[in-house]
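Shared between the two complexes below is chain A, which has chain B as its partner in the first and chain C in the second.
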Partner chain A sequence: MVLAGLREVAAEGGSRALWRRRSLWRWLAIGLLLTWLILPLVPLVIWSFSFSWFFPSTLPSRWGMRAWEYAFSPTASVLPALWDTIVIAGGTVFLSLLIGVPAGRALGLHVFRGKRIVEFLVIAPTIVPPLAVVLGIHVVFIRLGLADTVIGVILVHLIPVLPYVTLVMTGVFANYDPEFEDQARSLGAGWVRTIWYVMLPAIFPGLMVAGLFAFLISWSQYVITLLIGGGQVQTLPLLLYSFARSGDNALTGALSVIFILPGLLMLLLTSRFLTGRNQVIGGIGR
Partner chain B sequence: MSSRFKILLLLTPALFVICVLFLGGLGLGLARSFNYMPVIGLTEPSFHAYIAVFTNPEFYQSLGLSLYISITSTVISTVLAVACALLLRESFAGKRTVTFLFQLNLTIPHVVGAVAMLFLLSQSGFLARIGYLFGIIDQPSEFPEMIYDDYAIGIILQYVWKETPFIGLIALAILQSMGDDYESVARSLGANRWQRLFYVIIPLITPGVMRACIVAFAFTFGAFEVPYLIGKTYPTVLPVLAYQSYTDVDLTLRPEAMAMALVIALISTILIVAYLRVSRRFVRFD
Partner chain C sequence: MFAKSIRTTGASLCLAAALSLAGPSSAFAGKEVDSDWPNMTWEEILAEAEGQTVNWYMWGGSDIINSYVGNWVAAQVKERYGITLKRIGIDSTVDAVNKVLGEKEAGVSRGGSVDLIWINGRNFQTMKQGGMLFCDYMQKMPNDQYINWDDPTVAFDFGIPVDFCEVPWGRAQMVMVYDPTRLENPPKTIPELIQWVKDNPGRFTYPAPPDFTGMFFVKHVLYSTAGTYEPFIGPFDQTVYDDVAPQLWSTLNDMAPALWRRGETYPADRAALHQLFANGEIDFTVATHPDSVGKDIDKGTFPPTTSSYVLDDGTVGDVHYVAIPYNAAHKAAAMVVANYLISPEAQLEKAKPSVWGVRTALDLTRLPDEWQQRFIDLPRHPAVVSDADLARAALPQPNSEWVKPFEDGWRKNVAAKN
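Right after this comes the complex of A and B.
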């Protein structure tokens, strides 16, 4: 058996030509992969800096900053939409952390009866498309005066966001040792101080990741904002679609770049926390 | 304070949100699909909406298109993702760049992905221009139709572009936590490269990858924004059809929209059950 293993090792490592051919294939594969990942983003960036770019020119015949100047001009609808998107994403992050952190603590630290049902309820909204849910909510939101308002939009954004925050925090609390809290309590700290000085510093990295996921999921919502916002609440994705449909490619390109930036920024800030260890990473960009 | 009471207290806000917004939305949709909504004077439940939906050929066309898009894109993404994970597991120069691009892709909203595919693949898009540059085509109409086309190629490519990194990073995480031990044993028992791949690696990563697949499938099945921008108007995918019926000027179509939304939710629920069963049946490595 050992001999067979050795023979295999010899066969694999022995032939230099084979090794070189394999490495060539690998480089080809990596090159293709890189191209495939980057290529779709290239036209977006070029379009945003184009002034005129007609078929069949490979590159714009005239470059220009028109799209960017327009995007940041006070008369355009881009800045208000950017502000609304940030307010909605910020509100969603705040609420989802406020609600999701305690739930994550319960699920990560404790075993209790009915835990499977709770887990099912938490996972369900990650699989059932939010559109199917929001069509039913719409009528009630109209009656409650929540339709066409920023608050209404924040509330429906909680549906896709909260499960991911809860799942991240469950993972964080599964590796958390509550004994430290007991020690703080025995030294005379009240529960507010215990949470502030013991729990929060310990869960901080996880809290950051959960918050950033929440931000990105809210940031990219389209159809539920369209339904509940009723055209009164204009967020970036809605604006992006109306530009894309109107055929102003330069402006669409510039807006796409603006739209990608927060994700890029956050990735640079948190990439050391992101390991792809659980399905939660799938939540971003949804 | 008893521990059970404390757990309940921690879970209450999250359960409240999930029950009211998520289950409430589904429940209201269900009531409305039976045309039953006492608050607006509808007190006679009926099956009209379901009969109308299930006898409408357009519904079956849309369902078929949705399933075709989700199945095709999930299968392609899974195969590519496993290949990418195997590639990224080995060490090579520039590995960090590729991994970073994988993660970056996850943060890009599908809305932007759809716009990117529009600019890249349309008949006067970036690829068509490159085709012209190399003398492959002379005019836009010679470039293959991939946007608003019968086979939904642009939509599928967009999903593959987004889902490959998602499934790939999960597969990579499983491979890394698995270590080399199993392969070393297989190697010492005389298994060659392909035998190790098919009898050792693939069975070991299957549970985790399967769950990622289910999430990807459920997402693409219920997604709205990509087909809404770059898909054909007739037939369209099920979520877009439901949305169109809901926002139609003819308000009597609303119960049908709800019925379709619930069909989407039902298919997704079957997927959650599948997801949980897959999770429990296999040994977990992640």
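Right after this comes the complex of A and C.
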């Protein structure tokens, strides 16, 4: 978002006075957003380096590296958990786009009988608590041998993720003009080349937004990971929750920082794609 | 390996294939725990255990405990028995119980994913009543000789007969935690404490039941109100409850306005209580492991001036155990690990204040003299209550059948009225 804002500011250098006024508001908004995002994280960082910190001191009375030493020790298994969380979130993003893009295209471009029912079914997982569904799925997964596996966890993560991916892609395709595909086809492109050179570039910003949603939602799952992964699939939220509940603030702080960084990184990496200037598509990120 | 290959390939047809797949160490015995259990010797169990992986589900909220199990115990059983110990940290033991229950409902009666659980109290009761435990294996374990099964605090887990369905691993007992620089003469009995609370409004509170630590406090007031613990270690009795409960609620309600925030709200759990104490908002917290007080000072969770003591009218203590689920995939290795956990060296290491600092579940008089001396010689953090004082003040936990009625009663009669 920040980078996108900057680029727009640079591009619209027309009237200086207007530019100045608009840029002031823009910077104010950016500053506010940053404060909002970053300020709550500051105490976590301080806690992670604290040894003892009691009310009413503003800063810890003693500093220490205990939390970080433990977090990177083999006992804590934070690094394997980080890897598992990345694999699961990555797998969830890939599968959800594989399902969500065609679904979004169908819902965004076509009118068909029972479309309202399909739309309702797509958003149903956001209304029904996933836990209720997953309890039943667990028994099935045990029989199929999917319980306690990374694949099983990726599959259940699709439940809370798919509504968001499908809805975002439906919005993208609602503004998509398929006649550009017809042009490509009439110029001799096959359907693979049409998808690759026409559809994908056009929906790319939407794809990024949907992927980011999928990544972040999968990244923060706790209950359904615990149930299907059965503790054998250890993700960061599981480790984090154990320490948060036991009241070890230093360790909770350190793990929270490790937990939050990849999300922020993804946000920064994808934000530059969110400006979306393409004549095939009506508008997202404008 | 042996057990698993037979199960997956199925039937005796594939026995030859299974034998060639399994390592030589497990093949020679020709017996396996799942089918030949009663006739097996300890040597045969050791042979089957070699090369197995034990999935140990245990509460993972303490870096000290995680290190003891994940580093020290894991390295020892690997070296001695060739067993890989996998510590699976969970937020609450209920998660492991539910997992076994889920497998039972799905019909997985063999090859279950949980091999060992750190457990006691109500979770043990759930598993025992549900037929979800593997039992009667202690007689085969060499280190069982150090356990005194005639000791009621070991043979009864929150009033439930253990019946050789779990292995005692350590002892806990509640202590009062305070700061002598803030308070020179802390109250020494429950009635004195209640009077002190009324004289010093806003300086005391307890976590809201059904929190474990909160129930500890309610149990102490219950014993004090009833004047005895004896009726409560037996099964639930409605007439006793009807007799004592009204007095208990009125005692708690009388002190409620003098609690922290006038008793309008209660801390959620022990962690919150500790934090209130550490930040000086209240003058007492309680620890359910006496040695954890020293640990929490060393870790910086409590101020360095913190100390602890036991009440003269006694404090409630209990034993925690490890148990093997009925459908565990690696029972042999789980038994070998459980046996190692109650060896004198593993218990001594666990009891060292620099490691975990939890009291042993063994009967010290059954140990060889040199080992007894090593336990006596253990250093003790100055803030931690001595073993003699703890033993003098020990009260048993009530039977877990009593817990639910008092939890519900507290919600209806105390929480709702303030």
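By definition in this document, the second predicted complex is superposed on the first by the 211 of 286 C-alpha atoms of A that agree within 3 Å, B and C clash if a C-alpha of one lies under 4 Å from a C-alpha of the other, contacts with A are read in each partner's own complex, and residues count from 1 in each chain.
Please note the rule applied: a contact is a pair of C-beta atoms (placed from the backbone, for glycine too) under 8 Å apart; a residue touches a chain by one contact, two chains touch by 3 or more.
The structure displayed is predicted, hence computed values, not measured ones.
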{"item": "Touching partner for A:121 - first (chain B), second (chain C), both, neither", "value": "first"}
{"item": "Touched partner set for A:55, first chain B, second chain C, both or neither", "value": "both"}
{"item": "Which of chain B and chain C A:139 touches, first, second, both or neither", "value": "both"}
{"item": "A:267 touches, of chain B and chain C: first, second, both or neither?", "value": "first"}
{"item": "Dominant contact partner of chain A by residue count, chain C or chain B", "value": "B"}
{"item": "Touched partner set for A:247, first chain B, second chain C, both or neither", "value": "second"}
{"item": "First, second, both or neither for A:76, with chain B first and chain C second", "value": "second"}
{"item": "Shared chain A contacts, counted only where both chain B and chain C touch the same residue", "value": "55-56, 138-139, 143, 241, 245"}
{"item": "In the complex, chain A residues that touch chain C", "value": "50-56, 62, 64, 66, 70, 73-77, 138-139, 142-143, 147-148, 226, 230-232, 234, 238-239, 241-243, 245-248, 250-251"}
{"item": "Complex contact set, residues of chain A against chain B", "value": "1-2, 4-5, 7-9, 12, 26, 29-30, 33-34, 36-44, 46-47, 55-58, 98-100, 102-103, 105-107, 110, 112, 118, 120-140, 143, 155-156, 158-159, 162-163, 166, 216, 219-220, 222-223, 227, 237, 240-241, 244-245, 249, 252-253, 256, 259-260, 263-264, 266-267, 271, 274-279, 281-282, 284-286"}
{"item": "Complex contacts: residues of chain C adjacent to chain A", "value": "55, 57, 59-63, 66-67, 70-71, 88-92, 95-96, 99, 102-103, 105-108, 113, 269-272, 274-275, 278-281, 299-301, 303"}
{"item": "Residues of chain B that touch chain A when the two form their complex", "value": "3-4, 7, 9-11, 13-15, 17-19, 21-32, 37, 39-40, 83-84, 87, 90, 92, 94, 97-98, 100-113, 115-120, 124-126, 128-130, 132-133, 140, 161-162, 165-166, 169-170, 172-173, 177, 187-193, 211-212, 214-216, 218-219, 221-225, 228-229, 239, 242-243, 246, 257-258, 261-262, 264-265, 268-269, 271-272, 275-276, 286"}
